[in-house]
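Here the chain labels run A, B, C, D, E and F in written order, and each chain numbers its own residues starting at 1.
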Amino acid sequence: MSLSSRMILVLTTVGLISGGFLAGVAKLTKERIALNIQAEIEEAIKIVVDDAEVSTVLYEEEDLVIYREMEDDGQLAGYAIQATGVGFQDKITLMFGLDETLTKITGLTIIDQKETPGLGAKITEWVAFLQFWEDRDATGLLTLRKPPVRTPPELLATEINSITAATISSRKVLKIVNLSLEKVRGLIAEGKITSEEHDDH
Amino acid sequence: MPDSEYMIRSSPHFKDKDSVPKIMYTVIIALLPAVFASVYYFRLKAVVLYFACLVACLVTEAIFLWIRKKPFQSLWDGSAAITALLLAMTLPPDLSLDLAVIGSVVAIAIGKQVFGGLGYNIFNPALVGRAFLQTAFPVAMTTWIPPVTLHVDTATFATPLGNLKFQDTVVHGTLAPLKDLFLGNTGGCLGETSAVALVIGALILLTKKTIDWRIPFGIILALSAFTGVFWVVNPDKFAPPSFHILAGGLLIGAFFMATDMVTSPITPRGTWIYALGIGLMVGLIRLFGGFPEGVMYSILFMNTIVPLLNRSSRPRILGERRRPQ
Amino acid sequence: MRRKTFPHGIHPPEYKSLTEAKALEAMPPPEKVSIPLLQHFGSPAKPLVKKGEEVSLGQKIGESTALFSASVHASVSGKVLSVDGVHHPLGKPIPAVTIANDGEDRPAPEIQGSADPLSLDPETICQIVKEAGIVGLGGAAFPTAVKLSPPKDKPIDTVIINGCECEPVLTADYRVMLEYTEDILRGAELVRKAAGAERTIIGIEDNKKDAMRAFLEVMDNGSAEIVLLKTKYPQGAEKNLINAILGREVPRGGLPFDVGVVVQNVGTAKAIWDAVRFGKPLYERALTAAGEGVREPKNLMVRIGTSFQDVLDFCGGIEDNTNVLIMGGPMMGLSQWSPDVPVIKGTSGILAWTAPAPPMELSCIRCSRCVDHCPMRLVPTQLMKYVKYEFLSDAENWGILDCVECGSCQYICPAAIPLVHWIRLGKNQVMGLKRKKSANNAG
Amino acid sequence: MELVAIFISAVLVQNFVLYYFLGICPFLGVSKKIDSALSMGLAVTFVMSITAVVSWLINNLILIPYDLGYLQIVSFILVIASLVQLVEMFIRKISPPLYQALGIYLPLITTNCAIMGLALIAALNGYSFVETVIFGFGSGIGFTLAIVLMAGIREQLDLSDVPEPLKGAGIALIVAGIMALAFNGFIGMLT
Amino acid sequence: MTTKTIRAEYLKGLWDENPVLRQLLGLCPTLAVTGTVITGLAMGLATTFVLILSSLVVSSIKKLIPAQVRIATYIVVIASFVTIADQFLKAFFYPISEALGPYVPLIVVNCIILGRQEAFSSRNSIGRSLIDALGMSTGFLLALLVLSSIREILGAGTFLGYQVMGPWFKPWIIMILPAGAFITLGILLGIALKIESKTKRS
Amino acid sequence: MTELLVPILTMTALGFLFSTGLVLAYNKLKVEEDPKIEKISEILPQANCGACGYSGCRAFAEAVVKGKVPVTGCPVGGEETAALVAETLGVDAGEMIKMVARLHCRGTIEAAKSRGCYSGIPTCYASHLIGGNKQCSYGCLGYGDCVKVCQFDALYMDESGLPVVREDKCTACGKCVDACPRNLFELHPLVQEVLVFCRSEDRGPMARKVCKAACITCGICARACPDAIVMENNLAVIADFKKIDPDRIPDIEKCPTDAIGRIHKDEDIDEG
């Protein structure tokens, strides 16, 4: 056999074997991986919308997904909004909840970010940042409180807390939320989503 | 024929009296007005910081000299003392001493000695120390206190540049007054606040020709031009060049840090590019970057380019054709 | 008059006041002279005399064999003691003719002047200059005849007479200008004729205004122009001088004739006049003996071959603690380990003083002072490092061969780095590599 | 504007070497001389640009439509390996001096994580075709910038008195660290 | 070629031919994933897995492969194992896999793995290749452990997530950033060389 | 089933495509190189010292294969390497004479007077440039430029101020020969016992004045062995060492300054 055909043969065979092999492995792990990803989103939703059990995608576009959340008894629990935007370094993906009337923010959590560890990355864990997102007014523009305060009552309803040394990241999160809220309001105005209960199917 | 005692050496047999320690001590003297100014504005805190940095730098330097078996006299050549002073002058007045010490050790060890000591370092040692601290302890490094002369009673306080960036002071018309910037009656790093004291020192260096005038001139020129364009187009949004020159670390950087001979180019053409580059980058960072102040990053960044500048900007030798080939 | 100058350079203390008022004194010929057959560089002349032979003053005792060497002449009359190696100011022993002076200064019969030198044609002038063994007295001792007959495709339009004497301490050229003003002018005229140039310019530093006045006094109209130059070192280096006076730049690796110029030292001009008018070969020259180690500093007319020791003795001897002995000026002079070396044609001064311990050498702080002062616009610190860390091709690319070893960089260096020594080392190594390469290519 | 931002970010902010730690081997290995660093940088830029194109095609035309995400690694690396070998043979043919200069580092590009990282990160970020190309090219330029600056510094360090144990990779890494600090100045400039 | 004892074959990877500290291989993952000990460990183990299995495969099929497609073949083999490791992590250790980001797939281009195939497995028996792979991966793991410990302790004051420094300690955030990684590794390399030259001399 | 088939097909197709591409390119772009070059390169000591006159071992390998240099061209590898190279090329190695570097100066600190106090760059070359630090203008300057260039640790500086060759380590690479600004090293066959240890061309009296160990041109050695030793430029020169009559060596060693003689006197055979 000539060298050339041997080269082709070997590589093709190796490709074949590895393709088959990998397909097998993928088959075994695929489901779990999908579950993992699913679980991550579900967990995020649970954090931002109390009592959410069943979610349906209401609206989807690049960088913005709106879920409607039901309690297990079928009552509307609220809405969860997954949004992506630029942060200090790179993209931030976050999830925040809206109450049934789409007028109040019920909570916020960060799904994915690449901010500076130790600095901007505090947006994922800083209690005085995350927990102070509850009960924010979602009808207008939110603003950042700087320097940060210690307890939620110190904030106005239209204010969110900042993080020392991560002011910029806090501001970016705020910006993402503000932008998505605007879009949501636009969608409501267009009638694409409504705050009242819908009878799907 | 007896062994002779005459000295055998290469010409020249005359030597100018200036020496490295003399240059270094001139710089230290030129720094003193700013040191005194900072002691006036920040009192004991300033004294303690200077002292901590000086001791830490000298001890680190001594340890390295000892390890590397180099002559101990060079401890007193003044370069480590300058590094200590300049590092201290670029620290927030309220910084705790352990951080100042860490910064000093890094400045001398990582900034200078790993490259072989005086004369060989690529980056400005004091700024390496500061950049390290800035990145390692960002909160402490951006916590400011007001000078005692301001008689304000706030726990936190912001620098004029910080306010410019985060509080939109131009829009609100609350930009710090130039007079305060000039005298140093504002928040900021120890040594950067008082423009007048720095200018006095700068004049000493310029008249003694210790520093290359092109560097401060080029930096200020580029920064003024850059910020000036934006200011002229939209004075309601952008601060005037005079503010940018007097605020923050620009003056200390332009006169005392960018001019560090070891880390600046050796050729005139390279020096111009270096200086203009620093000025431009300071403008970029202040106007569009993530940080309120960019002098440190600009100088460090241009430091990395210096070797290339040196290589590519060899002066035209007398008699060399103007355009090769 | 506006003072002209060149960019860069330094201004070291001049120390000229000690001797500038002292007229040139003819030093009595010593008992014994040793005249090296090689005066500066090139290959040694072929000896024409043997041990025991009688020679007369000005008699040719060594014949130049190669283009870049010059004949040598007896500087006293008397008997040849030996033709043998003697220590030489350049360091290596070199064959020399040692003559015992009979004190008679019997001139050689062949010495004959020309009554009307200015009517001679260029070739004859060149021939006489060559016969007289004249080399440049400005320091480099380049054979003058070679300079006066440049290649045909390089027409000369200007002769510059170099009266700068930019080296500190030395004042011999200054005295020559004051005392032999007319001879210099006439010699310059001969140079101009020989080189076929149109004009003659005399360049003088502004610390020697007396010399300028002297020239102006004796000058017949328009035979030469005088240019006053800023007192600055190395104003007298020919490439910088040409640049200062004419604004021309001698190309890299080139010579003044590439830009149509011939530069001659004032002493050389005088020697040319003496040779052509009186037939006097170059067997004596003016020099300054000074420095604080010399008890009675003087300007002297000294016979070639006189030992430094004799010169210094004539100047009252040297102080006991003298530890530096220099041939030439303090900036470019060569240090001597022994006063037992003869005065050669390139000896413009003999300096002795006590030097303090050299300052501790520190590492270069890249202050770029050397760059700012190098008259050749080189980057000495980079050259030094390239040599030190053995990047010779880089050193060559950065122009190490263009260095004229003026010493400005080392003078100004605050770190006291022996820059010139490094550069000389590098030049030698680069040249060595080049020679090897061309030898390889040839072979 | 978006494209310019991607480009500048790839060059200065999310620099492959100084931010992602990719391509460190050639970054240390071929940064001793400016000339060869430049050639290496350009070679990497070239390969990166092509890789960006090809990997995008594979990812978006084959892997995603057929839900074969798990074949990303194998298929990308195959593409890259073959490409680099082609480039290598090509350079060897047309410019032996260049080949000599890059020496053993050309094959190293194959196993250079910068190239593979480029394909993966571009896929991860879900860039469009044009964005991917700009990202690939910008990252290459960023790599070139870093390696050339490093080479300049190392040429200067050749003329220095660096302590013996730190000579070579040690000091180069420390310099890279300080360079990373200096490049920090650019962050936030685009967002 | 002198044949080493099995013990020596294993031990050489720990110091004499330590892939990171001595051979300067695989520096990219070394720098990228050592911000915390746990990611460093995970990376080390994943690499070990890939290295051992691909060494086995390569040394057993070495005779079949023509030289010209050697590298390509190795790469496919390695890539397959990397994919498996990646899928496994994604499926069972999702958070760690997220933290490691693209660096798990990048094991495929880790110079250590390909380097060992080229330099060792393609020329040696299966058993020997296995020992070599084990030694190398232990060496890699060790280097990662040292670097990540320094970085996590100084950078966060923790080790494997547990607080080890007192409350007085202010974490040096720079240590978990690129700059700290480079500088720490630079200094480690210097120390390694110094130790080496000391032991060589004595 | 498609779940398995698609990936398998994809991978197979990819493998096929790229291997074909590679094969095509390989055949088109292949650069011919003599495989012997690689082989010889591997045999060579990889010192890359340049002693062979080429820029490195690989360059030498190329030259050998092209027949530009004899197989014995690598002085470092010595006979062993030459034999291996010859075997690879299928030629005859021929005989190799073991050469070694020898110093032609005995001007120790004690014997040769110093010249002033040298203050400058402490290397021989730098010192030599400005006349040197010894009164003798030919002798060893003692700063060890030769020691610094020897890659094989075959030279060290003696307390007496002269470099000493370790015969067993010297590979005759010739680096020291090139490095010495005064040309004091020369390669000689190891077996050559008698050497001239002076390079001074000064005449007797001058030479004697500056160094106790200088050749003073007395001619005793030349008279002892006129066939082998001649006087040239005031210096004894061994024109052909093979002609030295072993019996006359004691006569040669009557040299009043020890400037000629055996390298190893019977008493001092300590080395390394």
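The rule we apply is simple: a residue touches a chain if its C-beta (ideal position, glycine included) is under 8 Å from a C-beta of that chain, and two chains touch if they have at least 3 such contacts.
Since the model is a prediction, treat every value here as computed from it, not as a measurement.
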**Message:** Spelling it out: a chain qualifies if it touches subunit E and also touches subunit F; which chains qualify?
**Reply:** A, B, D
**Prompt:** Hey, what chains does subunit A share as contacts with subunit F?
**Reply:** B, D, E
**Item:** Contact-graph separation of subunit B and subunit C, given in steps at minimum
**Value:** 1
**Prompt:** Looking at D-E and B-E, which one has the bigger number of contacting C-beta pairs?
**Reply:** D-E
**Request:** Please flag the chain sitting at the greatest distance from subunit B, going by CA centroids.
**Result:** F
**Prompt:** Of all chains present, which has the mean Cα position farthest from that of subunit E?
**Reply:** C
**Message:** Just the number, please: Cα centre separation of subunit C and subunit E in whole Å.
**Reply:** 69
**Prompt:** Could you state the distance in Å from the CA-based centre of subunit A to that of subunit C?
**Reply:** 86
**Cα-centroid distance, subunit C relative to subunit F, in whole angstrom** = 41
**Message:** How many angstrom lie between the centres of subunit B and subunit F, each centre taken as the mean Cα position?
**Reply:** 52
**Message:** I need the residues of subunit A touching at least two other chains; which ones are they?
**Reply:** 7, 10-11, 14-15, 18-19, 22, 25-26, 88, 118-119, 168
**Prompt:** On subunit E, where are the residues touching two or more other chains?
**Reply:** 68-69, 72, 76, 79-80, 83, 87, 173, 177, 179-180, 183, 190
**Asked** Which subunit F residues reach two or more other chains?
**Response** 6-7, 10-11, 14-15, 18-19, 22-23, 26, 115-117, 119-120, 126, 129-131, 135
**Message:** How do the chains pair up in terms of touching? List each pair.
**Reply:** A-B, A-D, A-E, A-F, B-C, B-D, B-E, B-F, C-D, C-F, D-E, D-F, E-F
**Item:** Touching residues (chain side subunit C, partner subunit D) in the complex
**Value:** 363, 385-386, 388-389, 391
**Asked** Inside the complex, what are the residues of subunit A that reach subunit B?
**Response** 88, 118-119, 146-147, 164-165, 167-168
**Request:** Report the residues of subunit B in contact with subunit C in the complex, numbered from low to high.
**Result:** 1, 4-16, 18-20, 22-23, 71, 73-74, 77, 79, 116-120, 212, 261-268, 271, 310, 314-321
**Request:** Report the residues of subunit F in contact with subunit B in the complex, numbered from low to high.
**Result:** 113-120, 126, 129-131, 133, 135, 209-210
**Touching residues (chain side subunit C, partner subunit F) in the complex** = 84-85, 90-93, 323, 334-335, 337-338, 358, 418, 421-422, 424-425, 428-429
